[in-house]
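Some structures are shown below for you to check.
One chain, chain A, links the two complexes that follow: it is found with chain B in the first and with chain C in the second.
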Partner chain A sequence: MAVIPFIGFLAFTGFPMVLSLFISFHDLHSYDLSQMTFVGLDNYKNMFTMPLFQTALVNTLYFCLSVPINLVSQLFLANLLTKPLNPHFAKAARLILYIPTVIGGVAISLIWNWILEANYGVINTILMAIGMEKVGFTTTREWFMPSVLLIKWWSVGLNILVFQAALSNVNASLKEAARIDGALDRQVFFRVTLPQIAPILIYTCTMNIIEAFGEISTMQIISGNGLGPSNSAVTLSYMMYRMAYVNIFTEGFGMASALGWVIGIITIIFVRASTWASKKWLSADD
Partner chain B sequence: MQNHKKRYTGTYVILIVCMLVVLFALYIAVITSFMTKEEANYVEFHWIPRQGISLRAYIDAFTKDYGGTNVFIGLKNTLLMYVPAILVGLYVSAVSAFAYAKMRFPGRRLMYTLLIAGMLIPVSTGTIAKLLIYDRLGWIGTPWPIMVPRMMGMAGMIFFLRQYYVSLPSELLDAARIDGLSYFGTFNRVILPISVSPLLVQFIFAFIAAYNDYNDPLYFLTSNARLRTIQLTLAFLVDPYEQDWPLRMAACIASAIPMFLLYLCTQKIMLKGLDVSSSVKG
Partner chain C sequence: MLKWRRITGLILCLLLVISLAACGGDETEENGTSSGGTQKIVFCTYGDDSELAVYKAMVDQFNETYGKEHNIYVEHTPIAITGYTSYITSMSTAQESYDVFLVIEDNFKRWVNMGFVADMTSYFDGVTDIDTSDIFENTVDRLRLNVANNTSNKTDPLYGLPLDTKPSAIYYNETLFEKAGIRVISVDEQDMDAWNAGEIPDRRGQYKTDFPELADITVPKKGYYRSRTPYVNGYNWTLPAEDEITVFNNRIPMNWDEMEDLAMIFSVHNPNAGKNFGTEYGMFTEWWFNYGWSVGGNCLQDLSGDGDWNFSLLDSTPNYIVVSESGYTGEWTGKTYKKGETLEFNDKFDVPKGKVMEPDEEGGYTVDGQPAGIRASVETAVQSGTLQTLPSVRDAFTRYLRLGASTDSIIENMGGLSLAPNPITFNNRTRQNYWFSGKMAMLVDYSTYIETFSREAESNGFEWDVAPLMVYKEYTNPLDPACDTVKVVGKQAGECNSKAMIVRERSSVKEAAARFICWMASREGQSIRAQNGHFPNQRDLLEKIQYNGYAPQNVTVFSEALEYQGAGDWWYLPDDAWIQVWANPLNSEVRNGTLAYDLWKKSAIPDTNKKLLDY
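What follows is the complex of A and B.
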């Protein structure tokens, strides 16, 4: 029985990964693998020189700013919730902050798309009422990604609960001991509490980075057509989707596979770097 | 003491501001969902509907046909595809996690290491090949690309459940073995009942992830409108030619109902279970 997940891993992760790498060195414009022609590194070369690739890379990295922004605010809010607050208030706060998790990704994007709408949206109504100009939050290049980051920030919910549980698990006597030794609250948090919850923090951070590099939905919904103002909604993952579905005859599965691998390698670099940095930072505090 | 009190005032203020931001967006969504289309598209946003409460958007969202799907069909698809797959996957994961934690068999360490390392492999590396493989198998536009991989167990679940099973005392297993229980007997009669709470937490996490799953259905199900999940349904409800915001908001609110019920029913168990799954020691 314990072998089943391993077979699943080989069949649905391991094998497709290797096959994708193989396809990425070929030209392929149909579902039929026998139509493949070997082109060496051409897919990679052609892709790197596409102007859209550079735009998409910048957009993806911009979007990934949501990971540190969200982790810090989630941790911060979770820490606030562990303080001795009025129990009814704490319960209400947990319930309300959890609401975005209940609503789910696409719905959140739709709701905020309405709030930030350029003509009839609430924010623009308010801006007009106080005598300011309307802002094209989802229709101009400068505002597009900041709007997306705001939407991602709003969807914090679940991690607050996870972090809060982790924080309340931290041994109280350790914190007390540090406090008796004269440590300030901030020092207790950074030197005692944080290292204790480091494993769950690193795990969440890793998963969020992987998710962020793979995310398509938010940008696609907010932009309406998937491209956004001056292609500011195109991330690497969406570009891959377009190569396989929209531009199958010009770009095709070979280049899409190559892009998939490039996304994968960039993701892993960021994951390794963040894990390395957080470990180093936490151990330096000892 | 003075200092103490002041600090908590700040805590309250920050939390209240965040709660208000959440409630603000929720209020806009709910109030718009009850408006008529004309009112929602009025130049100025009305904070309170002036044309009365209209249920039209909800009725449309559940009953009308939007390219072969609607909120009702979307919810049904999500629940029918993901829930059975997750339940099977949860059982497989639990049995495996237990085996990886307490049994000795050849290749145990290697398999477990590869499984966990697999979690760190970005999905994008295999997506295109999966598309071609599923197409060859005739799985595109069927529930199988969504269900089969999940039914074979999920690495995240195995990771967390193994952490839990490792901490169980070996005496418990010895006692079961002396009583003459087989491996599956031990697992089903002794281990399963005591691990209900971590299992439930894993189910909830898997369900939240499944519910929000967008890329898998986008790649493998888009071609079959009748199988669109709730997320795809919502995404395709965006008709650029018709700005029907009440309909979209109603669909968003309605789509959250199952998740909200799940939260209400499991809130207590979840908070208790989170303590278990959050005490991971890397």
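What follows is the complex of A and C.
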């Protein structure tokens, strides 16, 4: 019986992966695999020398800053919500923080686009009303990515729920014992609570990194033209999409597959590094 | 229990195998033919509700008439706009899939090069009982392609036929014009003398006597006329005085000066524009084509005639237009140019046969290491009056760029004009929203917006109409407001989008598909489009479009435009990677004022030429 999921994996994941690795060493500009020509490592070499690749890599890494920023703030909020608060306030806070998650990324991006719009956006209208200069939140290179990070921050709801669940499962007697031993709240949190929820933290971090490397939608909606000011909306994943479906004649599936593998390898490196760093940090605390 | 588990497992395995098998196809199945012998065609479309309703009406009519007679049945399958392209490409190689589908110009060459579009030349030739001869030729020729050398000549393979056309024109807010004291008339150039003499009314039934303030003047043959201090070559604009006469004629194309002169009234150049009219800008045009093509220039040239592509938008040499009835024969191409045509790139440059020019990094060209000059025969033809000189495409392009550039930016040693919004303005508010919100007086856009604009204008309480696109035109004495004697005029030019019907290479019903496509593109099919207010591709149906009360008075501007408007630069090569190199920084940074034009120019030329080597 165990063979069924294995067949499914082979058919829908394993085979496409092997095929994309195979294609990455070929020149292919159509869906007809018989038109493939072997080019060795040329796709990889050409891709690394493309100026847009460097831009896309920097943009992706910049966007990955959202992972630590969001995790820290989400953990802070989750911890705050586990404290004995007015139950009505706690419910309202949870609702407010979770609504953006339910609404969905595209709708959230559209709303933020309206808020940050360069000429008539809510924030710029306020700025102008108080006599300040308009800010090109989504139209200048300097402001584009910070705006995207701000938008991504609002999709905090799911992680907060997960962290809240993890925090509520922390053994209360351990915290109590630490306090009796004279530990401050801060020390209790870092020395007792955090190690206890470490597996959840590492899991969330891993998933968020993978998600960050696959990011396309938010930036596409915010940028309008898909590329953004000075290509600041071009992430590695979006570049891969363009190679395969937009610039198929000059770049094509071969180069897109090569980029797919590069993205995969970079993601694995980041996930391994963050897992290693988390474990190192936790073991140093012991 | 174990037995049931095994049976369940086997059933699941079977389902998996069946579902995997369904991904393939049955090679022996006679695709497209039902048991009754009727050939079935799956026609894949996308569009808004109004477009889809027209496609359905056309398909229904086909099924009831021609289809029934020829045992062809078409199944109309609309796909959501957002998923259309990915659906078409992902299903392109399936054994069982759609047969006929729609393509826009951006995707045409890309899809043909991907190998899943059928060459329909012989199939179309085989359809002799449907007349498609009255289709606008330029909309058919853009569906021809020789994949090997990327040409679209009349003898090259034909892949489809146009289903619709979308010419462009200037939409203008007439209420704003009236507020600014501008009289709007609608008189064809050849009728101006008779109208001035009071012999005939204009196209709106207005005689000159209906404008008492024009009694003492002869309104010149101009798109926009002001009785004093005309604005010339982008310098010294002044707001029309209160007693100055201004007239806008929506039948004559404005020249660049006239268009800027008019647009200035509604822009930052008029300190009271916001207070008096509620406007921020005078106009907006998304595309440079109208400017560049009007002087005979382009952004892409083939230096050898053999696919040596070059980014030529910043070529600073003059262009030439044939003004002699006897025409002119190009030395390099051997082409005989008719009056009104502009010389091709290699015919104006002094390039010996067999040599190919080398582009430099400044937008210039060399032959054997020496700067390429203009042919002596061209110079002679100018002196003899066979040819006239037009500005370079660089001049035209920079004039276009200045429209949207801020007044403190410098483009080719001239300041920006802030007449048009920057592209960033349209991130959230589309250009159409911007226009009908009344913040902009004029907008260059496609014919497809007639209905939307009518509705929006009505709800926003303003009158509007359309006018022809700008054209390059010099008067013999531009400083004399009354002078309408033309010294030199460029070509009327602009971009016209078109959606076409093409056939999937793996379709097994290509012959039937050819009949269906021909019928849809013919007078029979296109009559249904016209009856529903959509532009037909047939000349003789243009007068019969039923707009259901939505038509602007001067709607013939669109049908006239179809005679000369062509496909945009996104159609030139199999993908637009070469356009992104120069257009993205141009549209996002240069036009938004965050990157100096000179810096952009420095990298745009070599980077684009480098990218063009990939084609």
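Assorted remarks:
Just so it is clear, the second predicted complex is superposed on the first by the 283 of 286 C-alpha atoms of A that agree within 3 Å, B and C clash if a C-alpha of one lies under 4 Å from a C-alpha of the other, contacts with A are read in each partner's own complex, and residues count from 1 in each chain.
The definition used in the following text is that a residue touches a chain if its C-beta (ideal position, glycine included) is under 8 Å from a C-beta of that chain, and two chains touch if they have at least 3 such contacts.
Just so it is clear, the structure is predicted and the values come from calculations on it, not from any experiment.
When chain A is checked against chain B and against chain C, the one touching more of its residues turns out to be B.
In the superposed model, A:G214 makes contact with chain B only, not with chain C.
Once chain A of one complex is fitted onto chain A of the other, the partner contacts of A:T125 are limited to chain B, with no touch recorded for chain C. Once the two complexes are laid over each other on the shared chain, residue contacts for A:G224 go to chain B and to chain C alike.
Of the two partner chains placed around the shared chain by superposition, chain B is the only one that A:I202 touches, whereas chain C remains out of contact. Touch criterion not met for A:F25: it reaches neither chain B nor chain C.
Once chain A of one complex is fitted onto chain A of the other, the partner contacts of A:W114 extend to both chain B and chain C. By the touch criterion defined above, A:G8 lies against chain B and chain C together after alignment on the C-alpha atoms of chain A. Shared-chain residue A:I248: touches chain C; no touch with chain B. Judged by the touch definition given at the top, the superposed model places A:G105 against chain B, while chain C stays out of reach. Overlap of the chain B and chain C interfaces on chain A: residues 1, 4, 7-8, 11, 31, 114, 117, 119-121, 224-225.
Residue ranges on chain A touching chain B, taken from their complex, read 1-9, 11-17, 19-21, 23, 31, 33, 77, 80-81, 83-85, 89, 92-93, 96-108, 110-112, 114-115, 117, 119-122, 125, 128, 154, 158, 161-162, 165-166, 168-169, 197-200, 202-203, 206-207, 210, 213-214, 216-217, 220-221, 224-225, 237, 240-241, 244, 253, 256-257, 259-261, 263-264, 267-268, 271.
Only residues 1, 4, 7-8, 11, 29-32, 35, 113-114, 117-121, 136, 138-141, 223-225, 227-231, 245-251 of chain A touch chain C when the two sit together in their complex.
Here chain B touches chain A in the complex through residues 8, 11-12, 14-15, 18-19, 21-23, 25-26, 28-29, 32, 40-45, 92-93, 95-96, 99-100, 103, 105, 108, 111, 114-115, 118-133, 135-136, 148-149, 152-155, 158, 208, 211-212, 214-215, 218-219, 230-231, 234-235, 237-238, 240, 245, 248-249, 251-253, 255-256, 259-260, 263, 270-271, 274-275, 278-282, going by the rule given at the top. Of all residues in chain C, those touching chain A in their complex are 5, 9, 12-13, 16, 20, 85-86, 89-90, 92-93, 109-110, 113-116, 423-429, 573-578, 580, 584-585, 587-589, 592, 594-595, 611, 614-615.
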